[in-house]
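One chain, subunit A, links the two complexes that follow: it is found with subunit B in the first and with subunit C in the second.
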Partner chain A sequence: MSRLWDRLLRAAMRLSAAAVFAALFLLAGWLFAAALPLLRAQAGAFLFSADWRPIAGRFGIAAMLLSSAGCALCAVALATPAALLAALAVRECCPPPAPTLFRSLNRAMAGLPSVLCGLVGMTCIVPAIDRWFPRRTAQSGGAGGLAAILVLALMLLPTLADGFFSALESIPDETRNASRALGAARTQTVFCCLLPSLRASIGLHAGNALRRALGEATAVLLVCGNVVRMPSLFSAQRTLAGTVVLEMGYAAGEHRSALFAIGLVLLLLTSLLPSSQRKR
Partner chain B sequence: MKRLQALWRGALLTAGAAAVCAGEGLLLLETLRRGLAGLGSASARAAAPRFLAQTCNTLLLTGAALFVSIPLAAGAAAWLLRTRRRRMRRALLRCLSALSGVPSAVYGLFGYLAFGSAIGLGYSLLTGALTAALLTLPPAVFLIRGALLQADGSVFRSALALGASQERAVFGVQFAAARPGIESAAYLAASRIAAESAALLLTSGIGDAPPRGIVSQLFRSGATLTVGLYQSVLEGETALAFSAGVLLMLFVSLLQALAAGR
Partner chain C sequence: MRRLAVPLVVLCVLTACGRERPLSIVGSSCMGEALRALARSSPQEAEVQLGGTQLGLAALKEGRADLAACSRALTPADGDLEAAVLALDAIAVVVHPDNPLKSIEPEVLRAVYEGEITDWSTLGSAAGAIVVVGRESASGTRMAFEAALGIVSPHHGQELGEDGIVRTAVAACPRAIGYLSAAKADASVRMLSIGGVSVTAESVKSGAYPLVRPFLLVSRPGAVSPAARRFLAYAAGAQGREILSDCGLFLPEAAA
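Right after this comes the complex of A and B.
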């Protein structure tokens, strides 16, 4: 009887491990199969043309690809230094209640839905951009690349700050004490001793953030204007993930196949980025 | 010279902290201000049945997704710990980290293809739940694995010494020792699902009919609170969206607090 139980448990373990493998391969394979009709017909035009007109049978994603990559890169470039500096400032230079508060605030904010960032962006950031740059935003009313970048950065900040904070916690106190004992001032310790030892975790967290920013659909949809056009800071544009969510409801035939091909491109893009494997 | 350097370094640190505080404060205060103002209004009262349906959908979908993903994740984590095949283990770890980087819209597309059209569930809460289970599988495996690794190894060895089989020792003893960690993994997975929008928009749809029964509701299309929030923004009902945002904020912080308390 107990032998039977052992066998059953072992089989369950193997089965669930196999399910994880199956999930990845089915995901990639199924998307590829669904994207195949379009890729067979116009793979070159799909990647390199900027002409996206589903009604005319034109499916070129170059503009959306550039817009996705541009917004994600700028957002990460904006949010990473801010989060890093904030984590350093609060963890190293603030009196006791502040670090705990900072950590729990970040934890709570990181769990918030990203749509909420989009919503706040729509009601606060877009009108503000419209007010600050009235001449540039005459056509778009503030929606566009800059708004998307700010919203994405807002979305990435808590996760990044929490990640850097944890990385700082894992640096032993002896490092700080040794640096102080050598006569380094507090800011010198922070910039010359702690910052270099964070290098690996900066790369790791920035990579994860970039992946999240590339794949974000709904928050960006609310603020970037949703016209397929080459990206610029102040004109309306649209990202890859946004297009999938926006058009999936009514797409059919080749158009639907094109959306699956976009999914495949997103999958490839995010898996080509440096891996986030945890070291244990 | 040195004082100048200290000065601008301090200024840099202050600027970073101020930027983060400003960003997070904007998000938090704006949502609370407009959401709480909206909660008492007449339009929010008129939309109460919709909120109720969406809350039910959220709970149902989250429960169903956890019902699938937590056992699977526990099994996979146990396999990762106990297998002797190193290459397979490394392959599984790589596979998991690849899965954890996949954008949620791509999960949505896959869920729609696999569960919606191939199995034939269509736009329904069950399709959404299966997709969400897939979405939370990688982080859940990592968290449960961490919990199992942190659990006291001596109980495991004692169980073996008392004559328990490997499997019995893992599932009966080590899992019991790692229980708080597994529970907190479940709460974190739930908060991730509650915050998910793109994947669920593509799989469980945007229905908001009031639920009649648990089983029949699972086979119908239903929006969760987050999807409902997005939908109300598209309809121009910003005040309603902020009210949903406050509800979500409460729900997610409750889950996070539960996870941290374990």
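Right after this comes the complex of A and C.
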């Protein structure tokens, strides 16, 4: 009986693994097929031109690609150290109710719909940027790269902090005790003993955050101004994912194919990013 | 279980055949709210699918839709089609409530959107750069707005995806100017009058307000199904007109 059960379970696991793979490859293949008409017509211009005017048949994503990459990288660079320090401080230096509270707060925040973050950005962050840098934001009224970076960082923070917190939990207490026993102070323990052992998980979580930031559209659409232009901190620009959301509703023919090609580019970007670091 | 399955399938197929296919309306997302409100209360069952005027007209020509929802006037390039005016929609030009400007000339508005005028002080308002907010390039609202004012190469500070988002953006920025369907404007922004004419039922109907576009239900001539005819009749009737004006739209004279 138990052997039969075993076999059944094994078959079910293989089947579901195969189904997941099939779904992924079908999706990628379908995306490629949908993008092919445009790529065949103008693959070079698609990647290297910054001229995106669907009505005129111009489909160049260079400006949006740079904007996507720039916003995502800056947001991750901003959110990762903040989340890391917050997790270290709360897990290692705060008395009991704080860590539990921190954890549940992060989990709740991580489930926040992204359109809400976008609205917060639109009604608080964008006007604030406009007030702080009145000369730089003359044209855009505060919308642009900086606003997108801040909103993205805000969205990435809870997931990152939760990830680092879990990684700290998984470090056994023996490590901390050994460090203290050697005479290290609490800050020394945190920065010289715990932080280095988090290296692998920093790479992992930052990679995941980067992927999420590249794919985020709704929130970014609300704060970055969406004029197709070379990226800068204070003027409007448009990201790849934002373009797909903005234009998919009415795109037809080659335009539609171009949007699928953008999807393909995003898929390639996210799959080329290192997915996890080797454990040492 | 198997004994039940066959009759169940047969039953499903039979009911699917027996019921009349609901009327399919495809087209402009600006008209979505009004169409859905009509479809909810109309005795004629209707399915509303949104995705833009262009998509609707294409679906109509290919026979995938019974009616196309079109949020601009038909042009000769659209081919031989029959259109019924469902309602009139005014495009409101809006600014932040703190902006002292009350009225703007059409020519000045064009110059603002083409980047020739860049500061509020030129318009007699408090000094400050103008943040020009527009819609994304294939929006029906944007096409109608630019066609009415003769804007060729707009110079936007921001391009946003929906009328509601334009409203939020303008409400958040004291230096902004934007445009959106008058039905979507509320107290968080202030409508400007164009050349001294504000948005009222009279000015929209008479054409004195320059930024008006029709909401059309388009069909292939000679191929209007009875279901489509019932829906059009309902929309033009007393109940339909009441629903449309509740949506903030303006109605042409009953005879039209």
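By our rule, the second predicted complex is superposed on the first by the 258 of 280 C-alpha atoms of A that agree within 3 Å, B and C clash if a C-alpha of one lies under 4 Å from a C-alpha of the other, contacts with A are read in each partner's own complex, and residues count from 1 in each chain.
Everything that follows uses one rule, which is that a residue touches a chain if its C-beta (ideal position, glycine included) is under 8 Å from a C-beta of that chain, and two chains touch if they have at least 3 such contacts.
Small disclaimer: the values here were computed from a predicted structure and weren't measured.
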* To do: Considering only the touch criterion stated at the top, classify A:222 as touching first (subunit B), second (subunit C), both, or neither.
  => both
* Asked: Which holds for A:122: it touches subunit B only (first), subunit C only (second), both, or neither?
  -> both
* Given the touch rule stated above, what does A:168 touch, subunit B (first), subunit C (second), both, or neither? -> neither
* Does the superposition put A:141 against subunit B (first), subunit C (second), both, or neither? -> second
* Figure out whether A:194 sits in contact with subunit B (first) or subunit C (second), or with both, or with neither. => neither
* Asked: So, does A:245 touch the first partner subunit B, the second partner subunit C, both, or neither?
  -> both
* In the superposed arrangement, does A:260 touch subunit B (first), subunit C (second), both or neither? -> first
* Structure fact -> Of subunit B and subunit C, the partner touching more residues of subunit A is B
* To do: Take the contacts of subunit A with subunit B and those with subunit C, and give the residues found in both.
  => 119, 122-123, 222, 245
* Structure fact -> Interface with subunit C, subunit A side, in the complex: residues 53-55, 119, 122-123, 126-127, 130, 138-143, 221-222, 225-227, 235-236, 238, 245-247, 249-252
* Structure fact -> Listed in rising order, subunit A residues that touch subunit B in their complex are 2, 5-6, 9-10, 12-17, 19-21, 23-24, 26-27, 30-31, 34, 81-86, 88-90, 93, 104-109, 111-120, 122-124, 153-154, 157-158, 161, 185, 187-188, 190-191, 208, 211, 214-218, 222, 241, 244-245, 248, 259-260, 263, 266-267, 270-271, 273, 275-278, 280
* Asked: Which bits of subunit C are touching subunit A when the two form their complex?
  -> 29, 50-55, 58, 118, 129, 131-133, 136-138, 156-161, 165, 168-169, 172-173, 175-176
* Quick one: which bits of subunit B touch subunit A in the complex? Just the residue numbers, please. => 2, 5-6, 9-10, 12-17, 19-21, 23-24, 26-28, 30-31, 34, 71-76, 78-80, 82-83, 88, 91-110, 112-114, 134, 137-138, 141-142, 146, 149, 165-168, 170-171, 191-192, 194-198, 201-202, 226, 229-230, 233, 238, 241-242, 245, 248-249, 252-253, 255-256, 260
